[in-house]
Structures are given as C-alpha cells and as structure tokens.
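Labels for the chains are A, B, C and D, by order of writing; each one numbers its residues from 1.
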Amino acid sequence: MSLFVRKQLPIIIASILGILMILAYFTTFDIFAQFKGIATSWVVIVSAVTVAMGFVYMTNAQIKMYQMNKTPLQLAYTLTTYVFFGAFMIAGLAYKGDVNSPEYQWWFQNIYGNVSATIYAVMYFTLASSAYRTFVISSIESEALVLGGMIYTLRQIPLFQVYMPWIVPLGEWFLLVPNVGGSRGAVIAAAFAALVVGIRTLWGKEVTLEVSS
Amino acid sequence: MALFVDVLGGLVGTFFIISVLSMLWKDNPIFRIGQQAIIGATMAHYILLNFKSALNNAVLPMLGGNLLLFVPLLLGVLMYTRLKNEIAWVARYPTGVLVGVGTGVMIAGTLRGQIIDQIKNTVLDLTNSAVSGNMTGIINTLLIAIGVVTAISFFTFTREHKGVLGISAKIGRIFLMISLGANWSGELVWYLTQLIGRLSWIINTVIKVMLLGG
Amino acid sequence: MSKDKPVTFWEKLGNIDYRWLYALSLVFTIIPILQPLGLPVQVSEPTIGYCDAINNLQPGSVVAVSFGSSLALLDEQEAQYLATWKILFQKHMKVIFYCTYADSALILQKHLGSKVKPEDYGYTYGEDYVWLGYAPLGEAGEASFAQNIRGVYPKDQFDTPLDEIPMMKNINDQSGIDLLIFTYTSCTDVEWPVRQWVVPYKKPTIVATLGCCGPMAAPYYPTQIQGFLSGSGMGTELEVYSGNPGPGAMMSDAKNLGILPFLLFFLLGNVSYLGKRYAGGKSKEVK
Amino acid sequence: MIIIKTGTYLDLTLLIVLIVAMYYYNKVALAGKLPPLRTIPAIGAITEGVGKSIEENKPVHYAMGASGGQLYTQLLSMTLVALAFLNYISKLCAKYEAKLIVHMPYQAESIPLIEAMVRDGYKSEGKPELFDPGCLRYYGYGALTWTQSVTASYDTEGVGLNLSIGIFYSDCPISLEMAKIKGGLNVGGTGRWIMVYAFAMMCDYVFLGQEIYTAGAMVSENPLMLAGVFVEEVGKYFSYILLALGFIIATMGVSAVNAFFAL
C-alpha cells in the first residue's frame, strides 16, 4: 500500500472532518449542522465497537503479571478477574432486561456502587496525608495555598460555623473572589493552548498523529 | 428480618469496602482479590453497555434499512487491525475520524465557553457592581479582574518573569495558589462525607439492621 | 514521607507514619456514627432561601424535580433529597419527578419506595405525583423539556402515556410548572437551569448539588436561583430548618470529629517545619 | 445573505488571529529563528526520575488518567499532549533501558495511538526489540478499577518515577499519593484546573495547568510545536485587548457589554 494511503490520507481525513465541524459552528448552512449531528453520533458508535479491544489488552496484562509472579496466589488473583467478568456477563445477558434486570442491578449496586463510593472515601485519606506534607507555611505561595485551603475547610465544618461564625463569610470570600480570579486566568490560558493544538491538528501538523503514522 | 439476598448483598458490599480501604494499610490479598474482581466486573459492564449501545444505535437501525450506519460499524471494526502489526496502519483511519471530529468539537467549544465567556463574566461582574454602587462588590470584582490578568501573565513562557511581568506573575501565582487551596478544600470535605457514608452504611445498615435485625 | 530517615525531634514530628493519621481519622469518624453527639448546626441563607422557595408556594402548586443523582455520590446528597421530598409532600405540592442520570432511577425507586413514601402523606400516583423515568437530557434536553414535556418523556416510568395520567392532563410545558428543583453532580451544570429555565421563562428555581460545587452555584444566588444546597452540610441545615430529621445530623457530627485528626496533623507539620527552621541545629536528637 | 452565525463573530476573529499567528510563527520556526523559552523545572525532573528508577531497579510508570483517552470530546487536546509525553518517556526509557509501565485509560479507542507512541519511542532510539506489549496495562471501565490497579502495580512492581500527564478527574488523588508513599518521584500535571491542586500537593515537580502544553512542545523539540507556544502568547494578548475593550464599552452600561460579547 502506498505511503500516501498508509500515512497521509488519515491525517487529511482528520483535517477535513475537523474543518466541517467548525463550519457547523460558524456558518448558517444547515448542511454542516446536519453533518455535525451525524458525525458526533458516528464517533460514539466507533468507540462502542472498539470496546472489546480492552479485553485483549487486559488479558495481556493478566498474563504478564502471572509470568512475573508464578504463584498460586497470583493465579487466584487472575482467576478472580475472569470469574467476576463471567458473572457480570451472565447477569447482564441471561436475564430479562439485561443490564436493567434486578439480578444485574444486585451485582452492580453491591459491588460497583460500594467500591466507587469507597474510592472517594479513600481520597479523604490521601488528601489529608498530602496536606500534612505540603501545607507548610514556608513562602508567600504556600501561605496562599494554606490560607485558601484551611479557611474554606473550616467554613465547611458545622462546628466551626457555629463557634467561629466569621469563618463563613471569610471562607466564601476566598472562594468567590481570589479563587474565581485565579481559576479564570488558568482556564483562559489553558484554553489558548488547547486551541493551538486543535489548529495544528487541522493544519495536519500535529506531531502526535504524525508519529502514530 | 432482612431477606437473605439483602444480607448477602450487604456482606458482599462490606467485603469490597474493606478491601478498598485496606490498601491504605498495605498491599494484602483482600485488597488484591477485590481489585482483580473489579477489573473483571467493570470490563464486563463496559462491554455490555457499549455493545448494547452499538446494537440499538447502529446494528438494528442498519438492519432496518439505514445502511449508512455500516460506515461507523466498519470503522470500529478496523480499530482491531492494531492487534496485527502488518495491518496496524489501517487503524489510523478510524483514529483520524475520531480525532478530526474531536478537534472540531474542541475548537468550537473552547472559543466561546472557555475564553470569551470567561472574559465577558469578568467585565460584567465589575460593571454590575459599579452600576449598583456597591463598594464591596466593586473591590471584589476588581480583585477578580486583577486575578484574571495576573494569572494569565503567569503563564507567559516566551519571556523571563522579570520587571513588570515578574511582579504580575508573582501576584498571579498567589491567586492561583489560593484557587488550588480552595479546590483541595472543597474536595476534602466532600470525600470525608463519602467516608462517613460508607462507614455509616456498614454500621447502621449491614450490622445493625441486616445482621442484628435492629 | 521523606526517604531519608528522620533524625531530630522536629524531623520526626514531620515524618509521622501516615497510617496514624488514617487510623485516627477512622476512629474519630466512627464515634459519632455509633453515638450521635447532636452538635449544633447553623442554617445558612441559601438553605433558608431553598426551603422558603417551596414553603412560599400555595398547596397544590406543581413542582418539577430534575433528578440527576449518582449512586457513588449519594452519601453527599441523600440528606438533601430526603428532606426535600418530605417538605414537598408535607406542603401538598404536586410533584413531577424526572431522572436525568442513569443511577437516578434506582435511587428514586428506593426513596419513594421505602424511605419517604408519598402514600404515607396521602398521595396517589398519577394524581399527586408522577415519575417520568430516565432520559439523559443534558442541557439541550432540559431546554426541550421546558418547551414540550411530552417530546422528551412521552410515557412515564411505568410506560403509561402522559395523556392518560390525570395530573399531567393540563401540564404540557414549563408554563404548567411553578417551581423547578434541579439536582446535579457536575459543577458547571448549574448553568443549564439558569440558561434554559430562568433566563427565558423567569421560572423560580432552586438547586441541590455536591459540596465542592457550591462555589459555582453561589454567583447565581439570590438573583437567578432562590436558594441552593451544596453537600451534606447544607442537607443537614435543611433537615434542621424544616424540622425533618434525617441522615444529615449524623453526617455533620461525624464531620466535626472526623476532621480533627487532620487538623492536628496539619499543626504538627507546621510545628515540625518551624522547629527545623528555627531550632533545627540546636534540637536534641531523639533516638 | 449572512453566512456567519450571529454570536460567533468574536470567536471567528480570535480563530483567524490564531491561524495567522500560527502561519507566521511556523515560518519563523522553520527558519530556526524562534527565541528560547522560559525553562520549566519539571521537565528536567523527568530525566532525573528515569535515572532514579534505574538506580533503584524500579520501573517508570506513565499514567494519562483513567479517562485520559478521550479522542472526540472537548478535552482531546490534553489527550494529544499526554501522548506526546508518552512518546518522550518511551524514548528516555529506551535510551537508558529503564523498565516502562503504561497505565492505559479505559477508552479502548485510544489504545492504537498509545501503542503506536510507545513503539515509536523505542524504534526511534534504535531499540524496537526492547518494547514489551505487556507494559501496556488495561484495567476495564472507570476510575475505581484504574486507581486500585495502579496502586497494586506500585505495590508489587515498585515505582521509581511516576509521570502522570493528561486528563485527570478524581482518580489522581489516590494514584499520585500512593506513588509518593511508595517512594516514587512524582512528576505531572493536567489541564483540568479543578484537579491541578492534587498535582501541586502530591508531586515533587508539577506542571501547572497550561504548562503541560508548553512542556509537551519543549520535550518534543519539534519547531512547529515550539512555534505553538508563541501563538498561545498572541492569544493571551488578544484576551487582554478583549478585556480592555470590554471595560471601555462598560462605560456605556451593562446592555452595551452584553451586546458586545453577543457579537
């Protein structure tokens, strides 16, 4: 197959599609808006069909882990993955209503629901330990970090709201004035960088895509 | 008394909560069993949801006569060529389609939502305060505007942070740090609530109600 | 934790094994769950505004609840929801529930099925409240709902066409709704009801969200939204203000105590830093 | 006939300004006349971290976020930057023969690009045989399985350098802190401002917000990517001008401001 077909044509397709999407945003021509509607629904389908590839790579990783550590315990870990994979697949396919069936929802709520909620809980610990290490008043910048963090933390704890009522307006002020100023500036700056990446992609000069070719 | 299936659900849920929390202590078989189980479970969930979506939104409508939907289905299948080195280049086509559409969506959304609207809000906040004559409001919104300008100046890379730019960048960095602290704080207390919620569920629902019948 | 072994007292103070912090946090959080302490709560203005927006409606007014809740984040918002449902039913509002997130239907099923049963307040399904099921609306969907409810939800959760539901006979769009309660978990979503309900129709609106999303909602209060709840803290405030005890009180107690180990470690970290800086050379080594 | 939608004139102006600036700076870059950029300390820390990994005989971990493979959303630019860094770290690992582990995001559609970046990294250092497909780890759907699996990987395989760049949500507070606790050198950043705090607090070296894009250009050493940094600066000047114009128009009242920004 020619170099053009293997390398350049996919990049040209990306550029053309991107430009058409932008025309849908800027122009009054209905045809572009219709095209945008079709294209955005198509990419969801492409993505959905691709999903089983994850299973291949997951299996690769499981094999790799077992090769690195050939013990009965590691084998048990690996088997656990496939047992639960099978259980969810069966629960999701065998019952009426598939993923909405009570049987599937039982699995989903008791495992997925609890684990996802607990993951957020674990973050409390990681945030607390990182603050123990980092929230040290050693420079103007770190003082600003500590001030923004601690005052708003105390503002959210009911006990401090009652016994230190001034913390409420002060916490709100930090949140609604310096926080808004800083974050708006950061968002704008990052947005320009994102735009440049976008324009470079349309130009056909995005290095990432070139490398992948 | 709670139903057996509820009790079983409670115990399974409790096992997984303890499994996740145990990773804070150190690596252990309970954590690893839970972690591996979740990989399998989420993989299956992801496949089920997506294949159902592909079936309902593409395969069935295509069989119903909308032949154009063959194109995204084919593009999706072409992604799998990545698995074989000799034909891996074919996967660039569906990737190009995704990236092209994504770029257009990104540029259109970023221009207004993340740049022009942010500037508009900065101007409008100050204008509204000035019109209302609220002195505190004017000072606050002026501070926001200063924060915006100086924070942007911090992200200047083509010149060294010296002179006026140095001062501005330094002020901007202070605004940015306060913002980081506030973001951290908002999430810390939220996560604490999540911790309370899970512990409360184990103690008040699983132990007291399901097991002790309270 | 630094890789080098701490030598001085000050260094050791700044290098305590994190697991002590984790263990103390767990213990301090569990105490109030086992034995609620009933520590006081101060009710804030946005919570009062939220509650009063419902209280000020005439009995029989129609309230639409856009319910976008997630199972994983329920701990943060359940107190808000349960107190809100209770207030709505106590005040005899006619309620239209519609779910905008996949998990929301499961949550609502549990709430209305066992935790706050509308029937206990003398409600009849289809006459006093309806549940329109789940559709991933997004902002465009919210706009469509305001313009034509049947266009988005032609049937209710139980597959009954809306035209066959008595309560929905004369309710076709936003004009038949007196108040919107919008619940969400993605901070920027607060803009949706503002853009699609408040700006075009001046519809009274209140919102409920996560604690970390409060700052994004605050700028819209009180000019565009009449009140807002962010996090379980404000859920507790709503329980207190409306006189409907719920899970929030225990949450607040646990928060009050659970945060203390962190505050202690924060102080230790700073004492360690100051000690190292000002007395580090002279400090006695602790073996 | 009006072909441009009302309400997009300002957007279009900004886009044209950026395109013209890109054309200009691309020419300057290809002529080799771009001035040097301000240094970002975190870039140097990446090489330092690879050295540390080799010294300690531990792997280099690369993470682009549990949801970091978004190819058709508004966050696409961050995915592309993360891929640029992946290519860079692959080259470094190939060059110094450090072991690399890539924790892939759950979006399976991004896997071909990820694999291509790593393969290219090894190939461009002349050591394609060192590439091990088993280094690409996939963990199923969502942040919860990802954070747990990444933590398990730190535990069982160790961590020398943990480079985390891309789209991060509530997954990074666990992965970064766990890498730190396990003795890893944390370097990273995200363009999502709401999560930058986690990087600022848990990383030894951090890229604050936009810095990931600039650093991405610097590590690529590609003149066109470096030219992009100058284009971004032009954009920032545009935003200052827009802000100043807004304030001038504000003297005519709130409705004038609304009318101007509705252009």
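Throughout what follows, contacts are C-beta pairs under 8 Å (C-beta built on N, C-alpha and C of every residue); 3 or more make two chains touch, one makes a residue touch a chain.
No experiment lies behind these values; they were computed from the predicted model shown.
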Shortest walk length in steps over touching chains, chain A through to chain C: 1
Most widely separated chain from chain A, with each centre as the mean of CA atoms: C
Central chain (distance from its CA mean to the mean of all protein CA atoms): B
Chain pair with the higher count of C-beta pairs in contact (A-B, B-C): A-B
Inter-chain centre distance, chain B versus chain C - centres from mean C-alpha coordinates, in Å: 18
Distance from chain D to chain C - Cα centre to Cα centre, in angstrom: 33
Inter-chain centre distance, chain A versus chain B - centres from mean C-alpha coordinates, in Å: 4
Length of the line joining the C-alpha centres of chain B and chain D, rounded to whole Å: 16
Per-residue multi-chain contacts in chain A, two or more chains: 22, 25, 40, 43, 46-47, 50-54, 58, 109, 112-113, 115-117, 119-120, 122-125, 127-129, 131, 133, 135, 145, 150, 153, 156-157, 175-176, 179-180, 183, 186-190, 192, 194-195, 198-199, 201, 209, 212
Two or more partner chains touched - positions in chain D: 8, 11, 15, 71-72, 76-77, 80, 106, 108-109, 111-113, 116, 139-140, 142, 144, 148, 156, 170, 173, 178, 181, 193-194, 196, 198, 200-201, 208-210, 214, 229, 232, 235-236, 239
Multi-chain contact residues (two or more partners), chain C: 1, 18, 22, 25, 73-75, 211, 214-215, 231, 233, 255, 259, 262
Touching residues on chain A, where the partner in the complex is chain D: 22, 25-29, 40, 43, 46-47, 50-54, 57-58, 60-61, 63-65, 67-69, 112, 115-116, 119-120, 122-123, 126-127, 129-131, 133-135, 145, 183, 186-190, 192-201, 203, 205-209, 211-212
Complex contacts: residues of chain B adjacent to chain A: 5, 9-10, 12-14, 16-17, 19-21, 23-24, 29, 32-34, 36-54, 57-58, 68-69, 71-73, 75-77, 79-80, 82-83, 89, 92-108, 110-111, 114-115, 118-119, 121-122, 140, 143-152, 154-155, 172-192, 194-195, 197-198, 201
Parts of chain A lying in touch with chain B, wherever the complex brings them together: 1, 6-7, 9-11, 13-22, 24-25, 36, 38-56, 58, 73, 76-78, 80-89, 92-93, 98-99, 106-115, 117-125, 127-128, 131, 140-142, 144-153, 156-157, 173-192, 194-195, 198-199, 201-202, 209, 212-213
Residue numbers on chain D that touch chain B, as the complex places them: 8, 10-11, 14-15, 35, 37-38, 40, 70-77, 80, 106, 108-109, 111-113, 115-116, 139-142, 144-145, 148-149, 151-152, 155-156, 170, 173, 178, 193-198, 200-201, 208-211, 214, 229-230, 232-233, 235-236, 239-240, 242-243, 246-247, 249-250, 253-254, 257-258, 261
Contact footprint of chain A on chain D as seen in their complex: 2-5, 8, 11-12, 15, 18-19, 22, 26, 71-72, 76-78, 80-81, 83-84, 87, 104, 106-109, 111-113, 116-117, 120, 132-140, 142-144, 147-148, 156-157, 170, 173-174, 176-178, 180-181, 191, 193-194, 196, 198, 200-202, 208-210, 213-214, 220, 222, 224-225, 228-229, 231-232, 235-236, 239
